[in-house]
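Chain lettering (A, B and C) follows the sequence in which the chains are written, and residue indices restart at 1 in each chain.
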Amino acid sequence: MADITAAEKSPANTAEGIVPFEPKIIGFLCWWCTYAASDMAGTSRLKYPPNVSIIRVMCSSRVDPSFVMRAFAEGADGVLIGGCHPGQCHYISGNYKTVARISLLKKMLSQFGVEDERLRLEWISAGEIHKYAKVVTDMTEKVRKLGPLNWRKNFEPK
Amino acid sequence: MEETSEKLLKLTIDGIETEAREGETILQVAERLLIDIPTLCHWKFVKPYGACRICTVEVEVHGKTRMVPACTYNVRDGIVVQTRSEEVIKHRKMLLELMLARHSQVDVVRKLAHEYGVDTTRFEEMPSEQCINCGLCVRVCAEVVGANALTFVKRGTERYVSTPFEGESETCIACGACAYVCPTGHIKVEDIRGRKYVVSELALGPTTPIHIPFAAAIPGIPVIDAQSCIHMQTGGCGICSKVCEPDAIDYEMQDTFEEMEVGSIILATGFKTFDPARAEQYGYGRLDNVITSLEFEHMSHASGVTGGALVKEDGTEPKSVAILHCIGSRDKNFNEYCSRVCCMYSLKMAHLIREKIPDADIYELYIDMRCPGSGYEEFYNRLLEEGVHFIRGKGVEVSSAPTLATAERAEGKKLYVRCEDTLLGVPRELPVDMVILSVGLEPTADAEEIARVFKITSKADGFFMEKHPKLAPVDTLSDGIFIAGCAQGPKDIPDSVAQGAAAAAAAMSLIDAGEVALEPITSVVDEEVCTGCKTCMVVCPFGAISYDEEKHISVINDVLCKACGCCVAACPSGAITQRGFDDAQIEAELAALLMS
Amino acid sequence: MEQPKEKLKLGVYWAASCGGCDISMLEIGEKILIVDELADIVLWPCIADFKYKDVKAYPDKYIDVTFFNGAIRNSEAEEIAHLLREKSKILIAYGSCSYEGGIPALANFYSKEEVFDRAYHESQSTVNPDRIEPKTKHTENGYELYLPEFWETVRKLSDIVDVDYFIPGCPPAENTTWAAIEAIVSGELPPTGSVIGAGNKSVCDECPRERKETKIKRFKRPHEYVAPDPEQCLLEQGIICMGPATRSGCEARCINAGMPCRGCYGPCADVYDQGAKMISAIGSVLESEDEEEIQRVIDEIVDPAGLFYRFSMSHSYLVRRRLVGAKKETK
């Protein structure tokens, strides 16, 4: 199968000029750690790309792999899942379930041709606001480099 | 005595009619009546021995009088006892005179003899011996300690106390009981040292196995430190249980864990100080006379190790002291935050040094002086007037020899503190006698564990995180768990007290309400869809899901469910939904976010 | 069964299908005679020679019920799907392929070119030195010959036309088929879009094996076990069984035969994506809290996509492998 075409990778040409590709990333963030970190990053006026749209969940273990697949199917270019560090889960062991599910999901997504960088699981505690900003920046850049996922284009009947 | 039905014996002591139990000695009865009978070889916790005979009294039995030692003579019915009759005094005087001949330099003997008007002896004086052969040490070692490490050797005038076969005792546990009971001070604790078992002195901890944990402990009762208690370690000693009259010593008592059911918890677990050994350049633990602020505090405290005196390792007074601010704080290598209390306590230390050593040269090496708070700036100004040298520049290294050509020279052994005086714009090296490192505050070693147990979050610096920095400063993300004091971040005593009060008030408000509103976001099983595959039961960390054997489905207990939603994602048949976070809701969010 | 006044007109069609579904309709045994009494067959390519032109000639909604089996793989299947939608009162997707893509939809992990390469060049039994591949149009002796166009992606029937009811199974078990027929004949049908003939719970509901709350330490591949414990849940024995994430109705027959469920009845009633759900369930029961060990156990699942989407690729959120920069489908 051919590589990503130049047209898909490069910024779209519009009448106004070159509009850089802005990845759409869905962030499923756990309420106790990563969501709190994102909140704090905001109140601390940290600067990071606005590309991650957040969906708050109580625990990263609430994130059903279906949500991730649905997000990709509906046009997300990346999915970030943020939870508490191992051993610090507010729900004792939820994040270990997340690890297992997401690892398995990643393996399967590779079979679907979804690049590994598009799905990211990160442990970001409530205090790690700089880590949150860093992860979001890094992921946005990586996904930007990968280009749009544009899943529907794969199979939408004409 | 009333409650016992045993027969009481009647007797008269010094004209007082009294009663005694079978087996009681005259000495015991006399003690009860506060009649003073001198003793030398008696201690009520070992068996009477009758060695010194100084307790001799006159007893009349059936009209016959006899001289008997009060300590060993058991009371008989109808006896008449004289403890200070002419005959008794005469008897004791003779004994004392004899004793003086042999123990002329023993204080306790001389003092007692003097009381009886015996200052000289008619007998041939022998070289004075400290040991009066009372045998108390032998008996306490055998009867109380159980070590049998001491014994009498030889007989008659050649009798003396030693270890069996006069060798180094293998059974001595160095408890010091013999030294304690020795009436003449002949046996000293120092002599016992270096034996089999030594309780090393702890400068900052409890110094005896039995101690009150700290001055203001509640309850203020002593405890036994099992690690250093001889009885706990060897089974010997046990003297405390013998001397404790209310019989309050219980060796069987174990540490117990008490479970309390509470509605809210305030975590005020405090801090630990930065370990300056991590910053090797300051020479802590390597160079003499480099101490931490906390060690200074121990030293300067009136009840501290030196009784409040400021001394160097060699015991002399320091004439110049450098106080280095921000050790472990405001430092990218260790902690980036300001520990908030060090400027003020460093000023206090300078003030205390000035008070105790008025002519000392005191240096404060600071990055910035941070003195916000009631009266703080004024205190700083006062210190400026007290002649403390303030140098704006962090101390960067402490060494035992000067390293800079421009180092200020001084006589004798000095510590050299290198810094840049940023106000003068020159590097300096100060020769001082003592360096005090103003160490910063860090989260306690087990802060992470505490956070895990109480399911609260920590900030990047490791201190516990409040729910909201402005609006909920003592709440945490876990309802009913509050934080106060340095557990939340470095702060001084007034701030800690204020926060403690706030946390208490917040906890009170919950107690007052008497009930807690739960978030209605628990998960629920759709009975129509659930097939009882038990996948959810495996994942639930709270044991909130049980299996209904009749319906063959899983059931979620609403009260136990903590609403993580793990089971919802796990349910392979989609039978579980989380209220407020159901699939449709999350997918609607997803759809809305992805709508371009 | 009460006989309706007029005999029903029944159509059966196969698209991308193995023919198993057609045979499964006969598995109802002697009950086929009842069907015969109740219905006239107006289309069944498997058993009688009906022509497309015959069907085209029927008035709209002429056929009472059409059982459509097979996935939509090429332009012919699509065309007939549209045609049968027009001509049928009730259109039923019969069997896994039609309902959710089925085995043919596993080709969605490949591109059309890869499928052709494999089928016409690479397979061990193929000798094709001239590298001939099917073309949609060919002229021979002045005659134009047409072949349907092969699609990049296999779709389920409901992606092409509105489908009234779904009957799952590869093939549907005879009790499922019969239950569906009974429902149709009696007119006691659920709202359109429903699955009929099968249950609303998961296979575990019908499974006689016992599930404790054991967590799984490792997974076994089919060649690694001989005789699993007949009493205990297969999943607990480390055998990946799709039962928990699969709709009931088959009476757990694979499991009763000692084989794990492969998930042919598709997702449960409240689930859209069967594979994603299975991943979630499998990830939930791993007994490890060590990230490396979790990874090691997961690595034992060699082909998760093929395993969890064996029948439901077209009924998933992602539908196919990504075609990055590849030639887009032309229809």
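Everything that follows uses one rule, which is that a residue touches a chain if its C-beta (ideal position, glycine included) is under 8 Å from a C-beta of that chain, and two chains touch if they have at least 3 such contacts.
Remember, predicted model here, so these are calculated numbers, not experimental data.
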item	value
Selected interface, A-B versus B-C, where C-beta contact pairs are more numerous	A-B
Chain nearest the overall C-alpha centroid of the shown protein atoms	A
Chain A and chain C: spacing of chain centres that average the CA atoms, whole Å	32
Rounded Å distance between chain B and chain C, as computed from the means of their C-alpha atoms	75
Centre-to-centre distance between chain B and chain A (centres being mean Cα positions), rounded to whole Å	53
Sequence positions of chain A contacting 2 or more other chains	64-66, 70, 93, 97, 101
Multi-partner residues of chain B (at least 2 other chains)	539, 566, 569-570
In chain C, residues with contacts to at least two other chains	271, 277, 280, 283-284
Sites on chain B touched by chain C in the complex	526, 528-535, 537-539, 552, 566, 569-575
Chain A to chain B touching residues, read off their complex	24, 26, 31-33, 36, 43, 53, 55, 57-59, 61-67, 70-71, 74-76, 84, 87-88, 90-94, 97, 101, 125-130
Complex interface listing, chain C residues touching chain A	108-109, 111, 114, 152-153, 155, 159-160, 271-273, 275-277, 279-280, 282-284, 286, 288-289, 291, 294-295, 297-299, 301, 303-306, 308, 316-326, 328-329, 331
Contact set on chain C toward chain B in their complex	200-205, 211-215, 243-245, 248, 267-271, 277-278, 280-281, 283-285
Complex contacts: residues of chain A adjacent to chain C	1-5, 8, 64-66, 68-70, 72-73, 86, 93, 96-105, 107-108, 111-114, 149, 151, 153-155, 157-158
